[in-house]
Amino acid sequence: MLKQWLKKQSVDSKFETLRFSVAIIIALLVAFGLILLVSKEPFEALRHLFLGPISKFRKIGNVVETAIPLTFLGLSVSVMFSANQFNMGSSGALFMGGTVAAIVGLTMPLPTGIHPLVALLFAGVVGGLITSIPAIIKLKWNASELVSSLMLNFVALNLGLYLIMNHFRDPDAGTLASFKFPETALLPTLIKGTRIHFGIFIVIFMVIVIWLFLAKTKWGYALRMTGMNMNFAKYSGISTAAVILYSQFIGGFLAGMGGAVEVLGMYDRFRWQMMPTYAFDGVIVAVLGKQNPIFVPVAAILLAYIRVGADTMSVNSDVSYEMISIIQGFIIIMIAANAFLKHYRQKMVVKEATSHD
Amino acid sequence: MQEIVKMVDILKVYPNGIVANQKVNFSIVEGEIHALVGENGAGKSTLMKILFGIEQPTEGSIVLNGQEVKFANPQEAIKHGIGMVHQHFMLVPSLTVAENVVLGDEPKKAGGLLDIQKAIADTAEIAKRYHFEIDPKAKVEDCSVGTKQKIEILKALFHGAKVLILDEPTAVLTPQETSELFKELMLLKDKGHTIVFISHKLNEVKEITDRITIMRAGKDVGTYDTDKVSKEDISNLMVGREIVWDLDKSKAEPKDVAVQVAQVTLVNEHKRKLLDDVNFSIRRGEILGVVGVEGNGQRELVDVLTGLQQASLGTITINGENIQRYSIRKIRDLGLSHIPEDRMTLGVAEYASIEENLMSIYFDKPEFLNGPFLKLKQINAWAKEKVVDYRVKTGSEKTPVKMLSGGNIQKVVVAREFSNNPKVIIADQPTRGIDVGAAQFIHKKLIELRDKGCAVLLVSADLTEVMDLSDSLLVFYNGKIVAYFEDASVLTETELGLYMLGLKAQSEAEIRRCVYA
Amino acid sequence: STAPEEDPEPAEEKMKVALYINGNLGDKSFFDSAKVGLDAAVAEHGIEVKIVEGGSDDTKWQPGLLDLADGDYDIIVVGTWQMETNVQEAAELYPDTKFIIFDTTVPFEDGKNSNVYSIQYKQNEGSYIAGYLAAKMTKTGVIGGVGGMNIPVINDFFVGYIEGAKLANPDIKVAISYIDSFVDSAKGKELALAQFNSNKADIIFQVAGNAGMGVLEAAAEAGFYGIGVDSDQAALLAEAGNTATANVIPTSVLKDVGASLKRAIDLALEDKVPWGTNETLGFEAESVGIAKNQWYETMVSAELRAELETIEADIRSGKIVVGSAMGMSTEDLDAIKASVQP
Amino acid sequence: MINLLTPEFLFTVIRVTTPILLAAMAAVICNKAGVVNIALEGIMLTSALTGVLVSGFTQNIWLGALGGIAGGVFIAFLLAYFALYLKTDIILGGIALNLLTVGGTVFVMFAITGDKGATNSVRSLQFPSVNIPFIQDIPVVGQMLSGHNLLTYLAIMMVFLVYFLLYKTTFGLRLRAVGENPDAASSVGIDVKRVQLYALLLSGVIASFGGMYMSMAYLKVFTTNMVAGRGYIALAAAAMGQANPVGTSIASLLFGFMESLGYQLQSRGIPSQFINMVPYISTIIGLVLYAQYRQRQIAKKKNQKIQEEVKA
């Protein structure tokens, strides 16, 4: 069975499967080596690391809920990178998206069902506006969007904090947090015993929309061509200025919406005091998912799985919290190592190419 | 004579599975000029890249002066006295000529410091020895294409090349530059260098080389003494079929004016006038050729006509509409098609598939759209048809263009630009660096379109091509039109050369004839 | 409790306690102090303690806490207001497990959360005394405060500090800055130096966790006084060999989370914890106060020390009621800060 | 309000700029070699720790410096190895290494000192401050320029060293060639990967000084995550300065100036969130103004010629 299946695959996908598995195995061995160094119960720790996320229904829920914002961020970065726009503003857009969702949640009395949708839309638009600023600066003055977006993240963070701090802060909260959102604004939890919320439908919907957009619409086509060769796109009569603008707007829109989904799905009030720790993970997810909207959620789930496993390990074994970021970093870097096993691949190719004669 | 290089049973499989060389045997003897010819994608460049250490053979061996060698990288090949001038320039634009020449083997002062004075002196010295006129202190980005070609050769010589591989060195040169290059090659030969010369121009091959090796589809089909084979023999061996040589072209019947260029001037940021008060018309049903030594305004002319640049002064009207401030899209909507000079930077997105490249100017036409959604099935069927019509050699229309050879990439570009029922075609070097068969195919298509009433502007550095194909002809020098020939068929290359080099110019009134009302 | 480990059924089960830290250790104050308290309980009673760090991603805290509750711990200890709802959820799901939450409280009316005990601190009272001390010790009439973030727990310290300073000198000026980070110690240092150089503040109170190290270092370097927070920072620094910095710290405002947790464990072993209630600890439980160490003795005059004792007594007796930033609106807070702004 | 031109303030600006400038010079080298080094942050953090540890245990500042460099170069080497030889996307590799070093430094610190927050218990050494003869006696200038830490002077020197390396040495020539056209470089036998490897390692050395400045000059201890984003700001400075050593140092200085200004404004009651934005907004504005200026220059030249034309 497996053999037959393998035969059908092209050299590339066969090789990809092999490379991926070997990379994971090596990462595991290194993780195991490290854990062996620091733990008295290494097998127990490993078990938690790799089986923890599927050990309980609740834990599977943790993987899913973690993957939701990662997918939004991954989509956001994928769209912008596909247009060859190195806008790093997803994290700023995510933060402002969360802030705007909180403000809409708190200030607009709207019925259940409509309320979160309005909040999501506003959040998306504001997120999109934020990532559009580097685009506009680039179009008007040809200044690098990479730099201006990195800088804008800090601006968005502080602006968001200022708004919450000075207009929506709940003085009875023991820390910086907004008033509680009305029930109408929340994205309800779907499955009892988990925190999987309505946002999962929204994220699935957005994955499909973005996939359709990139692969099947004229705008997506124009975007991809601009990303692959801007001169060619211009020469073909594609308005690359429009592409530069809308690709970054959509990128920010997705991140902003992701922020809103996270805030309305996982919290009952705005509680971010700093940039969320996963705000920069969009690049990781996008690169692992090869900027393909269909692979992005897979990459997000993979990353979420690693993270939930690591958390489970730190709670249930004697492996410390820091060890986890080391192992995580290593797994990511190893999975992304493309040339790894290159020689083996070449052998496979030669065999394939010369076997037809 | 002694055999200096021998490549035995070379097999090369690229990582994408393409078998570029299949058991190729190739040998050259000391002091000869040896041609390597073959259709696009025959595997010439690959074979030479292997000899130069850029690619490693999957199987097979290289014997140099009787000793087997293995080159893991160009450095080792260079050490063994092999030099290569690549078809696409391998220069660093922001560095000076001298810096480019010495790069990789720089003269040093104590402590790893670059001895720039010595670099300049060495460059000047070697240029003088081989009679190259070149300013070692000039920045490469300011140099003309011909000069860049010379820099490439100087580079190889500086690194001590005894065997010099030239991959299509003349594709971008004017006849004068080519003959200058040939003089230099003969001089090199006299000084004991051995030269491998790759070209699609069989005239040149006949003119300068001693022996010829012909490749077809990754295999070598034989080595011949040049004077023992005719051009026809060579091309038949190359393609494996008979090629009909004559261009079946009737006399043009020009109709009304399609494009009117009036007082167009273009200034660059260095305040140079790249186009200087240019006036002319292109009429329906004619092919108007444009010639000039590279860098005399032809490229800029194409740019302003196609909307890639805005003219600083003057007006251009296409089909009666003034295109000033028109976007490229709007200009194309007037029925303009454009075969760009540089297919890799403008003509295609190399990582995109053939199909995606074919549809870049059609994707938002109503017949391919369903709301904002592309009709992917229709597009695919259409692309398949184009691949067949234009004889693009490929396994599938989904193959990335990057995997095609140069000639086939050009066919993709042409297929796209010609399928639009164009009213005006700007064809800039439409057959540069592609083989005879493919070139002929494109020429026929151009004439066909002309006969259907299309206005064609043909810019080419290949004088044979311009003279064969054009009905009338403009000569550019220094951003100005210096001559207009209503009937291109009566001209000779030598005469054209005089105008191109600025040695001769027509009177104002004679030039004015190219403006039709 | 000296039973060998292989003993299948130890005569008396050791109490198993877990501390979940919704952040990281190493803050030199809040969480580190909690760990110190539990370590002391281990040393004294031989109980078993497991400490888990949750990191700063707040969506991870709920699963982390539930994972612990799934274990067989007798008591689970957590801190901060951010964990309040998580603790309530866990307490409901695991009624047989006891929870201690510190530095905040949960609703107890109608018998809710009957397996939870909460501890709060009057940090504003400790910093009130520090404020008085600072206002008396300054030569320039300007004192400073550098906070980690502009959040209620931090501001609670500052409100007490400002009120205490005003008592000592109604015209006192107090410069307040925030690092907006608990890790950027270099920025902490710069903000302190800016207060020293441009506001002429010559005694600066840091409430910034790890980043506060920068404030104390600036004091040692530029030659002004620094007031520590949470733990006895002069003693800690001197112990680590950094006497130069210890020597510019006349006192630290203590918020002894560790002591309060140690006390709670002591009570638990005797089964005396008032489950289902909140206790707000201040001077009386030795959970809040100022460090009265050798540096205090040498740097602070006997006369001033005596005044401070009186104030402390007045706070204990309720004669002085110190304002709190908890539940205070942003405008009111800004008004307080503006009233003393240099 | 505030008098900005006090020597004290300008002294502060230089102090604040130093770590950014050092890291920015490291970024310049990488940019010129055509590799993006996002891992600067992790390099600085690692060297800040290893410098402290080695100097503490050997009680020798030079060995400490070597230890710091070794730590930073190790991270740079990991990035180079994965990106150049195993073809990991270099941006992703950088991000992963930054993630790894945040935990890794705490892990090592805890293993050695038993403390997760700071290395207070390690009696580490510091780089000395230096008074410059003659300059220190000039009234205002002396106050401003003299008395800085040794590493600050190293940072200033680094601008010239990097310039010299890039434009006057054969290695610099190769490095620029590799960054601009790797195919051209490899066609003349330059080992592109090796040059990029050296560039990354070199950037590791330079950025390590930035890291050690944090823990062995700016402060006297290593504290968790103390680099706090300065590596990213350095990248921005290098991009703003077009990877030119002089332009980049001006960009770094602008950032240091705005940051220092923020410190002054804080204690004057302006909300810290607004102040925090100032350096970033001004960097964006700086970026725009510079780009605009360049565009104008080009347009002006073109126009002049046309004007002449029309007159004639």
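Here the chain labels run A, B, C and D in written order, and each chain numbers its own residues starting at 1.
Note that a residue touches a chain if its C-beta (ideal position, glycine included) is under 8 Å from a C-beta of that chain, and two chains touch if they have at least 3 such contacts.
The structure presented is a predicted model; accordingly, all values stated were derived computationally and were not measured.
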| item | value |
| --- | --- |
| Contact-richer chain pair [A-D vs A-B] | A-D |
| Separation of chain A from chain D, taking each centre as the mean of its C-alpha atoms, in whole Å | 29 |
| Whole-Å separation of chain centres (CA-atom averages), chain A against chain B | 45 |
| Chain A and chain C: spacing of chain centres that average the CA atoms, whole Å | 36 |
| Contacts with two or more other chains, residues of chain D listed in rising order | 106, 110, 116, 271, 273, 276 |
| Touching two or more other chains - residue numbers and ranges from chain B | none |
| Junction residues of chain C, two or more chains touched | 24, 150, 180-181 |
| Chains that touch, pairwise | A-B, A-C, A-D, B-D, C-D |
| Residues on chain A engaged by chain B in the complex (per definition of touch) | 11, 212, 216-219, 221-222, 224-225, 228-229, 231-239, 345-346, 349-350, 352-354 |
| Touching residues on chain A, where the partner in the complex is chain D | 137, 140-144, 146-148, 150-152, 154-155, 158-159, 161-162, 165-166, 280, 283-284, 287-288, 320-326, 328-330, 332-333, 336-340 |
| Residues on chain B engaged by chain D in the complex (per definition of touch) | 52, 54, 73-79, 84, 86, 89-95, 99-100, 103-106, 108, 112-114, 155, 159, 265, 267-271, 273, 312-313 |
| Parts of chain A lying in touch with chain C, wherever the complex brings them together | 56, 58-59, 62, 65-66, 158, 165-166, 169, 171-176, 195, 262, 266, 268, 271, 273-274, 276-278, 307-308, 311-312, 314-316, 320-321 |
| Residue ranges of chain C in contact with chain A within the complex | 24, 52-60, 62-64, 66-68, 70-71, 80-82, 84-85, 103-104, 149-153, 180-181, 326-330 |
